[in-house]
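One structure, pasted below without further comment.
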Amino acid sequence: MKLTVYLAGQIHDNWRKEVKEKANKKELPLEFVGPQTDHTRSDNVGEDIIGDQPGSVYKDDAASAINNLRTQVLLQKSDIVIALFGEKYKQWNTAMDASTALALNKPTIIVRPESLIHPLKELSNKANVTVETVDQAIDVISYIYE
Amino acid sequence: MKLTVYLAGQIHDNWRKEVKEKANKKELPLEFVGPQTDHTRSDNVGEDIIGDQPGSVYKDDAASAINNLRTQVLLQKSDIVIALFGEKYKQWNTAMDASTALALNKPTIIVRPESLIHPLKELSNKANVTVETVDQAIDVISYIYE
Amino acid sequence: MKLTVYLAGQIHDNWRKEVKEKANKKELPLEFVGPQTDHTRSDNVGEDIIGDQPGSVYKDDAASAINNLRTQVLLQKSDIVIALFGEKYKQWNTAMDASTALALNKPTIIVRPESLIHPLKELSNKANVTVETVDQAIDVISYIYE
Amino acid sequence: MKLTVYLAGQIHDNWRKEVKEKANKKELPLEFVGPQTDHTRSDNVGEDIIGDQPGSVYKDDAASAINNLRTQVLLQKSDIVIALFGEKYKQWNTAMDASTALALNKPTIIVRPESLIHPLKELSNKANVTVETVDQAIDVISYIYE
Amino acid sequence: MKLTVYLAGQIHDNWRKEVKEKANKKELPLEFVGPQTDHTRSDNVGEDIIGDQPGSVYKDDAASAINNLRTQVLLQKSDIVIALFGEKYKQWNTAMDASTALALNKPTIIVRPESLIHPLKELSNKANVTVETVDQAIDVISYIYE
Amino acid sequence: MKLTVYLAGQIHDNWRKEVKEKANKKELPLEFVGPQTDHTRSDNVGEDIIGDQPGSVYKDDAASAINNLRTQVLLQKSDIVIALFGEKYKQWNTAMDASTALALNKPTIIVRPESLIHPLKELSNKANVTVETVDQAIDVISYIYE
Amino acid sequence: MKLTVYLAGQIHDNWRKEVKEKANKKELPLEFVGPQTDHTRSDNVGEDIIGDQPGSVYKDDAASAINNLRTQVLLQKSDIVIALFGEKYKQWNTAMDASTALALNKPTIIVRPESLIHPLKELSNKANVTVETVDQAIDVISYIYE
Amino acid sequence: MKLTVYLAGQIHDNWRKEVKEKANKKELPLEFVGPQTDHTRSDNVGEDIIGDQPGSVYKDDAASAINNLRTQVLLQKSDIVIALFGEKYKQWNTAMDASTALALNKPTIIVRPESLIHPLKELSNKANVTVETVDQAIDVISYIYE
């Protein structure tokens, strides 16, 4: 049974590549989808497509509309969501994607370092499973196929 | 027509009192609900009710289960959600409550300072209305009664 | 049994007052809600509350966000929708409100003049009942209480 | 990941062909569906299948029932909706299809010329993304695959 | 706890009056709603409100649109449905109302004579409870208050 | 685009075979599903599988449980429902399947002879399209592919 | 804000009375509902209302249909569910009511003794909060009003 | 038409293998999924993946979170659920899975020995079909393909 996994979370390092490689090594029949990971493109996509905006508020709103459409299309196609929180950045997008997924009854795994236990405690309690590493998240999905 | 408004957001200052007073002055027929605003009680409620836990991860999880139950009961009873973000703290709870409300089709107003425009852009784009002050949020709700 | 009726449609004449008076004369236990009918206020509400915008696209978007929040709150509280189309104006708001109501399983009555039969035929076919006058719409609701 | 796109909007010129050619050139794995674009067939399909009706109201209703069934089948199969508004015609069907899609949580892109910004402002605010050209709509969908 | 009960079924005798009197005698806090029970009015309501139609097919369709709106409004307000089948008539309306109620998760009681066991077996199996008399249906509802 | 069509209705003649042959001749990419059409098997399946029951009420209930499971599985897999009413039999199953399909937003076509217009008027008004012959029903589905 | 609480669980002792008294002492604005607690009546209600059945399987099925209707009516009216498991009996009803409540997004509290931790671990993990005593369950609900 | 069947129930004997072999012999196009059937792995999976927990309550909760995620993923992919109850063990998981499936409108078959008729009567009444043997459950599914 093939499953589609949405990888929510920060786009500042290569964690999605790591997830895919580990899933690959275990030969899990997974398709991974996620947000735009080229940060500049993600921030500029509104002006790139629709044209110049009168200031950064409007530039941000134009970009986020297109990012949200992308997320909505791909999240609706997904069977499982992995949402990774790191120690830097506000990451409200990650919280938004994980909460939306949970409200839509998408099984959701949160990955977060020990240092974030307290501020993430309510979201973590709502999620299906919370782990600390990408390896553990893959182990949880791998368990479905045992 | 009486409406119930859930006030999501940080619990470190008196902004909910300010909202209620302003709604009162305008004589709007609103009932306000929200999370536990006594921070210590909110953090300890798990151990307060269920008893000592073996360490802070488990203490946090016990508290958050009860906080989440409270939020779920009150959010389901609400017609509108105001979610306020301030400049301090992680505030993933606020993002979680706003995103859940939006996924449940609850009309949602985000209040955030100018400094948070960029990190909140996707959530802000998804919300019905985004404003910068509590006064503006009350003005939006007041408009329903004009 | 008290019912709430949302009155969707153009805001350029007094048709909502006419509906209310006729319902009143028949002593029907109805509460009527609807959009902002002061056209200038409706167009300006975004800038009125949030402040000046950089041009009319942004002014329009700010106003429509607040108008949409109002409609969503009141439509969700309604048991029946009357959507009136007249011969002037684009009236895409009316089509939007009627279609949204139908998708949410709100019983919906369309009022339209004979001249609009052809362009409204698909929406009319989807609605519960289509009539030509406000009197007929009130007669349909009155029938529920016979 | 293959996606199905419903092309709502007027049926008086070749814009759907243009969309398909542009998507083709970008080699996007999209399947396009939409309403009957032969205008005469669309208006007559009721009488074509069910037989003569006693006047144009009934002819229109018979045709629209079959057009609505077609739209409902294809819209339910779609992952994304593009709704194009032009400067001519009432286009309430387009508003109806876009609003229904949004109520069903289908990610929706509106294409409209600058001249229609004001009358479409509420629907535009509700849609995921609003653009001015078919090229831009394709760019938005293309972004999902980057 | 007050409950609203929709009384679906034939409109050719006084069974609804009997239900109300029996509920009254048991002092159950029930509100009863149902279809138009004046058969002539029910058949003519389309022409009564909208005007003459070109033949009986169109007369019937006009009436049924208004009857369906009434049923939809009242069924959505109901907590329980009683659907009574008698030995005469086609009673497809009754089957339609009971099936719709069941699909909407409305607790539904079917009342039918022994002679109809076989043709009603699938609907009966789907309903919450099937009984043979109005007294038994009232006993089932009365049990909720024990 | 392949579509699945559920064929609800009486099981006393070969109308389903006729539907399939006509769809075949038009080379429509349709898969047809439906109830058990061997009448004796349909009536006996409860006792066939579960064993003897103490009388016909219980035999009927055992059979209908299994027939209902079959219908629920296949209806949920279907994109369109054709419900055919003939002049004989009670056909409450047909009314139940059509009403359930409509409540689940399955596009539904009713086929009924002229003689049944009056007793089927409410269900007919609720259905997407009503026609008089199997040929017309196929023409409606065929139109989706034009 | 008044809340309705469904008390699922065994009906062999007075725990519901204890819950009500404790809620009363804290002056919480709660309305409590639940299953029939007279065990004999609960087991016999099918035959009491519908008449003698041919053996215990059929007697049990007749009773359970009426018990299920009662539960469905009252559960749909409830804002919170408390499900209590004791050390005796199978209590599959309790598991069924708690699971149904959770699938319907009803906030749910499980009360179970320490001895049942292992066999209830999956249901407990799915519930909002799990406690060991009725006092703790009341404390959780009381917290909503702080 | 290929169908996916979730096999809920105890994991202490080989009944799932028996189901698969019987389906195989009948050449039914079924895919079977279910919980982890290695009991030790199922109990330990929390600690296996996340690490040591401070006592059995926490070990159980960690395991059940991962077991629940697995069940949710696979249940959502299933078209039919078979839930088997045996004479030993508490089996609240089985009751939870069957009840959840029913609340999600998944057609559900219960298999239980005669000795469990009374304690399972409410769940049995809610299920689509109840049988006593695995053979009968396969016969019910096989009937869909006749």
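To keep things simple, chains are lettered A, B, C, D, E, F, G and H as they appear, and every chain counts its residues starting from 1.
Going forward, a residue touches a chain if its C-beta (ideal position, glycine included) is under 8 Å from a C-beta of that chain, and two chains touch if they have at least 3 such contacts.
Which chain is which protein? Per UniProt: A, B, C, D, E, F, G, H = YtoQ family protein.
The shown structure was predicted, so the numbers you read here are calculated from the model rather than taken from an experiment.
> Which chains lie in contact with each of subunit E (YtoQ family protein) and subunit H (YtoQ family protein)?
Neighbours common to subunit E (YtoQ family protein) and subunit H (YtoQ family protein) are F, G.
> Across the interfaces F-H and A-C, which one involves more C-beta pairs in contact?
Between the two chain pairs, F-H has more contacting C-beta pairs.
> Which integer distance in Å separates the CA centroid of subunit C (YtoQ family protein) from that of subunit E (YtoQ family protein)?
31
> For subunit A (YtoQ family protein) and subunit E (YtoQ family protein), let me know how many angstrom lie between their CA-based centres, rounded off.
49
> Measuring from the mean C-alpha position of subunit A (YtoQ family protein) to the mean C-alpha position of subunit G (YtoQ family protein), what distance in angstrom results?
About 38 Å separates the centre of subunit A (YtoQ family protein) from that of subunit G (YtoQ family protein).
> Which residues of subunit B (YtoQ family protein) are in contact with two or more other chains?
65, 68
> What chain pairs are in touch here?
The complete list of chain pairs in contact reads A-B, A-C, A-D, A-H, B-C, B-G, B-H, C-D, C-E, D-E, D-F, E-F, E-G, F-G, F-H, G-H.
> Okay, in this complex, where on subunit C (YtoQ family protein) does subunit D (YtoQ family protein) touch?
Its residues touching subunit D (YtoQ family protein) are 56-57, 60-61, 63-65, 67-68, 71, 89-93, 95-100, 102-104, 116-126.
> Along subunit F (YtoQ family protein), where are the residues that touch subunit H (YtoQ family protein) in the complex?
4, 31, 33, 36, 38, 41, 45, 48-50, 65-66, 68-70, 72-74, 76-77
> Using the touch definition up top, name the residues of subunit D (YtoQ family protein) that touch subunit A (YtoQ family protein) in the complex.
Counting only subunit D (YtoQ family protein), the residues touching subunit A (YtoQ family protein) are 1, 3, 79-80, 105, 107, 109, 128-129, 131-132, 136, 139-140, 143-144, 146.
> Write out the stretch or stretches of subunit H (YtoQ family protein) touching subunit B (YtoQ family protein) in their complex.
Residues of subunit H (YtoQ family protein) touching subunit B (YtoQ family protein): 54-55, 58.
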